[in-house]
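Okay, structure first, notes after.
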Amino acid sequence: MTTVEHNRSLFGNLAGALAQLRAPGEGSSLLVAILLGVTLLMSAANLLLPAESPLYVSTYTITLMGKYLCFAMLAMAVDIVWGYCGILSLGHGAFFALGGYGMGMYLMRQIGDRGVYGNPDLPDFMVFLNWQELPWYWQGMDQFWFALLMALLVPGLLAFVFGWLAFRSRVTGVYLSIMTQALTYALMLAFFRNEMGFGGNNGLTDFKDMLGFDLQADGTRVALLMATALLLALTFVASRAIVQSRLGRVVVAIRDAEPRARFLGYRTEGYKVWLFVYSALVAAVAGMLYVPQVGIINPGEFSPLNSIEVVVWVAVGGRGTLYGAIVGALLVNYAKTRFTAVMPDGWLFALGTLFVVVTVLLPKGLAGLLQRGRTTDAETRGENNTGEVSAGDAPAEPITGEARA
Amino acid sequence: MNVTAQARELLRRDTTWPFLVPRQRAVDVSHQVILYVEGLSVSFDGFKALNDLNLYVNDGELRCLIGANGAGKTTLMDVITGKTRCDSGSAWFGRNIDLLAHDEAAIAQLGIGRKFQKPTVFEAHTVYTNLELSLKGSKGAWSALTAALTGEQRDRIDRVLETIGLVNARYQLAGALSHGQKQWLEIGMLLAAEPRLLLIDEPVAGMTAEEAERTAELLTSLAGEHTVIVVEHDMEFVRSIARTVTVLHQGAVLAEGTMDQVQNNPDVIEVYLGEDA
Amino acid sequence: ADTIKVGVLHSLSGTMAISETTLKDTVLMMVDEQNRKGGLLGKKLEAVVVDPASDWPLFAEKTRELLTKEKVDVIFGCWTSVSRKSVLPVIEELNGLMFYPVQYEGEESSKNVFYTGASPNQQAIPAVDYLMNDLEVERWVLAGTDYVYPRTTNKILEAYLEAKGVDKKDIMVNYTPFGHSDWQSIVADIKKFGGAGKKTAVVSTINGDANVPFYKELANQGVSAEDIPVVAFSVGEEELSGIDTRPLVGHLAAWNYFQGVDSEANERFIQEWKKFTGDEKRVTNDPMEATYIGFNMWAKAVEKAETTDVDAVEQAMIGIEFPNLSGGVAKMNKNHHLSKPVFIGEIQDDGQFEVVWETDGLVAGDAWSDFLPGSKDLIADWTAPIKCGNYNTKAKACGGQGQ
Amino acid sequence: MKHLLLTGCLLLALVTTLPAASAGSVVSEQAAPSATPASEEPGGNRQVLLARLTRASLRESAEVLDQLERSGGRAMRGLFAAMLAGDLYYHRETGRLMAVQKNPAGERIGSDIFTGEGLGVQSRGSIKKVRVNNRLRSHLRDAIARIDLMHGTEAQKEGAVLAILDDLSPQNMRLLQVTADAGQSDRVSELIELARAMVELRDSSVTDARLSAIAVMSGRLEAPVRNQLQRLLDDERESDRKIRIAAQQSLEEIEGRIAFYDFMEQLFFGLSLGSVLLLAAIGLAITFGVMGVINMAHGEMIMLGAYTTYVVQQLMPGAIEYSLVVAVPAAFLVSGSVGVLIERGVIRHLQGRPLETLLATFGISLILQQAVRTIFSPLNMPVVTPGWMSGVFAINPVFSVTFNRLYILLFALAVFALLLVTLKKTSLGLNVRAVSQNRDMAKAMGVRTEMVDAMTFGLGSGIAGVAGVALSQLTNVGPNLGQSYIIDSFMVVVFGGVGNLLGTLVGGFSLGVTNKFLEPATGAVLANIIVLVCLILFIQKRPKGLFPQRGRAAE
Amino acid sequence: MIRIEKLNQKYGGTQILWDLDLDVEKGSCTCIMGRNGAGKTTLLKCLMGLLPASDGRILFGGKPIEGRAAQARAHLGIGYVPQGRDIFPLLTVEENLQIGLPARKDKARRIPQRIFELFPVLKDMLHRRGGDLSGGQQQQLAIGRALVIDPKVLILDEPNEGIQPNIVRQIGDVIRMLNEEDGLTVILVEQKLGFARRVGREFRLMQKGRIVAADQMAKLDDGLIRQYLAV
């Protein structure tokens, strides 16, 4: 079996398994199990089998998988706020990228004097811009724990401040969406500026190693993939716990009738802020894992279109179901990988058509398809109520109220 | 105050930081009055919806509020519950709590519950969850994360379900209820919350006479322990529950008294009841 | 394998498609031609085209795909510096071979990359010399898009100009974001700056999409080439094909190749290109020539090495000469950069350039600029005994500063 | 600036021209016989020169041109103008010079350079262009300016004198003297007066005379005046305190005026940027603002409009001047029809799911972009600016307004007004709003909702297409055109208040003006960032935009 | 005038209306009653075309209309006053009324004066947003709006919900007048017995998606009420 076929069957299996979900609770643990299982198998196949073996999984596939899983985590982060709380964030890429930059700064410092100019203190881009010393905000980033902390703290704090301002002032609906977009757009412009000290357009790249392990070694890549899978599983389980807790139910209530929730005594802005911060943190973790695996972080990650794409993954997968977001991200990105290689001139037609078709034919995304396969009557609409994570069938469209009322 | 002074103030050992002082204060009803509304005025784009309105409601009372469409009844509730800011006047909950200084959530936590004129329930949740979310208790995000229903709470929900006649619909999504069922559910949510003061806007609209009767019984039984303010246009219903009736007209109180007094008030007849009601 | 695989890594969608698609077509044309000549080492060439979609991480991923999945023998690709930077670690890790055909900021030399576009000393410095000596320019506007290529080029130029005695006051530097489209204020500022009674010129490192609105604004505000000439390093025939050039006649560009260069090889190349694209109006440009040279040098090197093995080809490449399209011969130097002639052209009303100046001989591309403090002591030399991309001539060691 | 180069060469030319003939009189003498045909001029010398012109290298050409000017004077203007415009060709075999222009059919039509006599269609291979470069062009311009100073129109004379202000050499002053003696209009005389004052200030040693010279110069906005005063103040040798003070005052006055015009200029830039934002957003204000469709394909509708402009220009190469007039309705139809198709084909199925429209229209936008790449190539398409839209409207030497921006500003306002009237005065406007507020109820009231949806989406898309026509005059017409405006458009609509057209207008202009007033202080990038941050903070204050929808229902 | 045969309706999987038959004569005033959730609103929506019927026939003036869209039914002359009023909240009162004008047979361009005679309040409120009106005012507007299309049949879904007593009377009078003087066919869903008795001339009782009793209003006795309307 070639890698392509392997890939294909891999996804076939995944989709098949998902389609067979019997009950939602089981489904979720099944998802985690598949996720970890597949990752483990792939890792073993990569490390233990010789490259000639038909079952060998190439490092390319490993890194690709790692990237997909990061995207899946990001999609899940968006789904938490969008699907469950009706906060359509068109700027989650910002948190992802900030997390990524945090990790990128650490990796950059790890290069040490192995850069092209051999400067032990300054990253290359600072050398050729004639910077004399490390800016204050780069201090301490050579410590892994500190970088990690910052990579969480900064996006978390940004989400907190932004959320606190916006939710307290009751900015909702499209107004909120466009503001998140403005946020990421402003950050993109700022990071493009070379004066910012983050490498401008070129961003941070040419990483060498992480915690002393060579980033180009297969072992490190596999470890990163496993870490990603593990963290995805972890955040998935945590997120599921959250959305299934009363907090999750309050959040859905807020999505559908925020004033009502307030009159019941819920300080809705508080809920929204915390959920937003949590989601931003998940996005940041995804970003942190993403950077060492793809090897570059640049302001393009802040681009509003990137964030919109994430929303599209979620919508394709099925808004309001956590596994839907994951499946959507995996599917769309896999499609992108295949299409760009198989039909480089026309892949946008294919992808565009996919989006249109999914929207028109699968109102609840792929998750809706899976659910439909699960429930006995096929043409059911709006009565899916078996609890779990299926908050997607909300009759009320949060944005409608804004745009239409 | 300059920054250092502020900092020093914050660091004083003998004080508790203001934001740590529990906000919840028990309502002081030592004068028997639970709601004081004085000189309240609200206007929208120059239109006076409330005009120097005064209203006092005793603790444990069941008060009916009637008045023409557009008289300002709903607006009054909006002000009391913090939804609408008023131009002038004051609204106190008991003697000690200034309602105008609190927001909706705080007011709800103080023990003021409300049923809207147009039934609003959480449509994506089941009837049961709707009630669960309405239960009295901590409404903070952190506690919600770990919250689980106690047996007592379950019982309470079951009882409420029974009262509102939705036992069989407990696992239905609230969005799929009929209009009248939503009305009931919203009343149920109020019951679950056990507020001190209930503001109920048109509870029997869309209910059959029989159901209205049941609602009347329910509200009457609530009074005493709770204070209830009901807005309703169904005179039969009002008659069946009313002790004191306040009539609003053009944003101000037109008349107040027993049902009989009010019913025979010529002004009320003219602007509200009509000749032969 | 029974074919030799040629990877093509140019964006066919997204913001860079506008420039890069042409290069993909150029490579395809070269592959065709080579196959008509019988291929290489008795094997046919097979192009493997992927679309990295102007997405930088995707460039890295696609490189990995080309090298490990498709097992290509060589890659022609990238345009922006950031895409190259993204690809670099992967191509080095997997010991691939890439040809990079676009003018760039220098400050780099990788064993696995051959740079067939211009480095700053093959474009910017000659252009400034021309302005200074022939047009007697005394005041300078350095306008660029805010990214590494313009930043570096402008840094080099500032140092260069100051070394030539230009006062700091007479240099205005301006950066704009990618795709900047509202040039009113900046053009007005340039006009004001130029109104101080000294001959002024604009050195433009404005990138891609921002150029059209920039030139349109220049034309509309009546800044003509005789008043304030603009010399650009990123504007070629292809960019001009998207603008009505009549109001821009006389503005300048510096390249190593213009379509208007009179030579037999060029004539043939242009004909072939028009035939290949089936479009009589299609133009050629400098990065295409760079691709052309790179491809042919690679073919020559493969034949010389008699294998497509990267290490062998890499060594064989050094010193290879191949006729360029402007009538001379390009040579691959030890630092993986080319020696090429430099031309200055004036924009004509038909969207072509008229060559008004050219260097006497070939200019060897510098990997490291002589005008930047961090790199003036560095050289790249991939032949024994140095064999590295950043050899410090002072410290006599590889690895930048040397220890 | 232009003057510098021009005068540099002017000087060069004068050095060669004037000494040859005793200054002044010759110039006007030469003018007289110029009506006679070129061939009658003394000596076949000119024919030789003209023949040399076709063969000369770019360096030699300058010399040939000087000689031609000396011998032919005014008669040479046509030749020079043709050469300057790049229209001068010669016949490969006969060597005959001619002006060649393409007619609408693309044929090259030659005409005699001196008589204008038609020489018929020239085949491409038979003629060759006379080469010209920047240096020659400025040479030609100067020569033309010299001819114009004597014989030109008022405007040409004015331009010629203005050019001389940059280089007040004795020769030039003599030339001015001759011009002045011939009697000139007030404006030209005034400028000559100014030139004299500048010379006076520079050369005289009499304080009073210099003071009155400064008085003349005071308040003038011409750059040379400012430069001279500045130089004077910078010059330490200038020790006359009175002069220094007067010059200082004068300069301050000038700078005060300039500051005012700078302000006006920035205001105009801001309004102009605002009009672009408005145009880009206005269609979205309908499809998104009124209908509630999160229309990610809006940018591509703009793009289609811009491509329509390109196609229209390709279809009517002979009538570029009118192309935009045709392009506006054409773009409306093209984008509008695509909009209707999208609505009927996709959006219709998403009723009640407005969020999903984001996904579908995103897909559509990808498809449209790639479609354009496939059909037109990924390259930018050239769109020509018609003559009436080119150039500047110069209010004074420091403040001018470009015609294209001015027209686009007016156009944006006109489109806005038209749209407002459409929505206010026709039943469509009412029906759209009803449908968007309560579709079922609108149906029950007999409103043909499908029709209304299609028409509205078509209208919004059509307007976007019209915006594309305007934008094609300012920016790239390429596959990425739409992407560059979509973010801004959403920003403007939301800032103004969703569903409020007036908000879009005010929003567009205020964002534009703020941006342009920030830009000089902060640079383009930072200005943009600051505007975005302000926007975010503003929305905290007004969570429903500038003009929120009010009333109970909006809560 | 209107005849419904074997109408079935499902929301997703749950069937709401079961083989429902209903016959409304021209010029009659029929009052449909039933408990909450009996399916009254669903029935009216099917009749109006706002919900697709799963199967069954709907005849209007003898012609089948079950396949026609709601807007077509409005043009045929069915006026609808929905439960909850459904005023266009951001349109002014005037605009709310104007919406229906194109559906009139006579193509009048102005709001008929008659509306303001029936509901004088609306005249004073002409330029206020519909959503700002109080409930009672909105209800009057909703009826007025339905009358603008000059309907042959007027469908009202609980028109008295939340209306002050004197206006309830007034609305009752208006309905009666429209029915008696103008010969308008009226279908009325009503819970309040008093009002139903006063206005309706016939009644239909619904239970669980079926019509379970039909007769003249006078015949509505306590037995029926206890059986079908009591809780």
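Every chain is named by a letter (A, B, C, D and E) in the order it is written, and numbering of its residues begins at 1.
Heads up, the rule we're going with is that a residue touches a chain if its C-beta (ideal position, glycine included) is under 8 Å from a C-beta of that chain, and two chains touch if they have at least 3 such contacts.
Here the structure is a predicted model, which means the values were calculated and not measured.
Engineer: Tell me the fewest steps from chain C to chain D, where a step is a jump to a chain it touches.
Structural biologist: Counted as steps through touching chains, the separation is 1.
Engineer: Among the other chains, which touch chain B and chain D together?
Structural biologist: A, E
Engineer: If you average all the Cα positions, which chain's own average lands nearest?
Structural biologist: Here the chain at the core of the arrangement is A.
Engineer: Select the chain at the greatest separation from chain E, using centres from the mean of Cα atoms.
Structural biologist: It is C whose centre lies farthest from that of chain E.
Engineer: Suppose chain centres are the mean of their C-alpha atoms. Which chain sits farthest from chain B?
Structural biologist: So the chain farthest away from chain B turns out to be C.
Engineer: Looking only at C-beta pairs that count as contacts, which pair of chains has more of them, A-C or D-E?
Structural biologist: Result: the pair with more contacts is A-C.
Engineer: Which whole number of Å gives the spacing of the CA centres of chain B and chain E?
Structural biologist: Spacing between the chain centres: roughly 32 Å.
Engineer: Could you state the distance in Å from the CA-based centre of chain A to that of chain B?
Structural biologist: Computed value for the inter-centroid distance: 43 Å.
Engineer: Just how far, in Å, is the C-alpha centre of chain E from the one of chain C?
Structural biologist: The answer is 75 Å.
Engineer: Provide the list of chain D residues touching at least two other chains, using ranges where the numbers run on.
Structural biologist: Where chain D meets two or more other chains at a single residue, that happens at 369-370, 437, 483, 499, 525, 528, 549-551, 553-554.
Engineer: Quick check: what residues of chain E touch more than one other chain, meaning two or more?
Structural biologist: In chain E, residues 11, 14, 89-90, 132 touch at least two other chains, as defined above.
Engineer: Mark out which residues of chain C touch at least two other chains, giving numbers and ranges.
Structural biologist: Those would be 12-13, 146, 177.
Engineer: In the complex, go through chain B and note every residue touching chain E.
Structural biologist: Those in contact with chain E are residues 44, 66-71, 74, 117-118, 165, 176-181, 183-184, 202, 205-211, 214, 233-236, 271-275, 277.
Engineer: Applying the document's contact rule, which stretches of chain E touch chain D when the two form their complex?
Structural biologist: 48-50, 69-71, 74-75, 80, 82, 86, 88-91, 95, 98-100, 102-103, 129-132, 145, 149
Engineer: Sort out for me which residues of chain D touch chain A in the complex.
Structural biologist: 288-289, 291-292, 294, 296, 346, 349-350, 352-360, 362-367, 369-371, 374, 436-437, 483, 487, 490-491, 494, 498-499, 525-526, 528-529, 532-533, 535-537, 539-541, 543-545, 549, 553-555
Engineer: Applying the document's contact rule, which stretches of chain A touch chain D when the two form their complex?
Structural biologist: Touching chain D: residues 88, 162, 165-166, 168-172, 174-175, 178-179, 181-183, 185-186, 189-190, 192-193, 259, 304-305, 308-309, 311-312, 315-316, 319, 345-346, 348-349, 351-356, 358-360, 363, 397-400, 402-405 of chain A.
Engineer: Going by the contact rule set out above, which residues of chain E touch chain B in the complex?
Structural biologist: Counting only chain E, the residues touching chain B are 11, 14, 33, 35-37, 41, 83-84, 132-137, 139, 158, 161-170, 191-194, 229-231.
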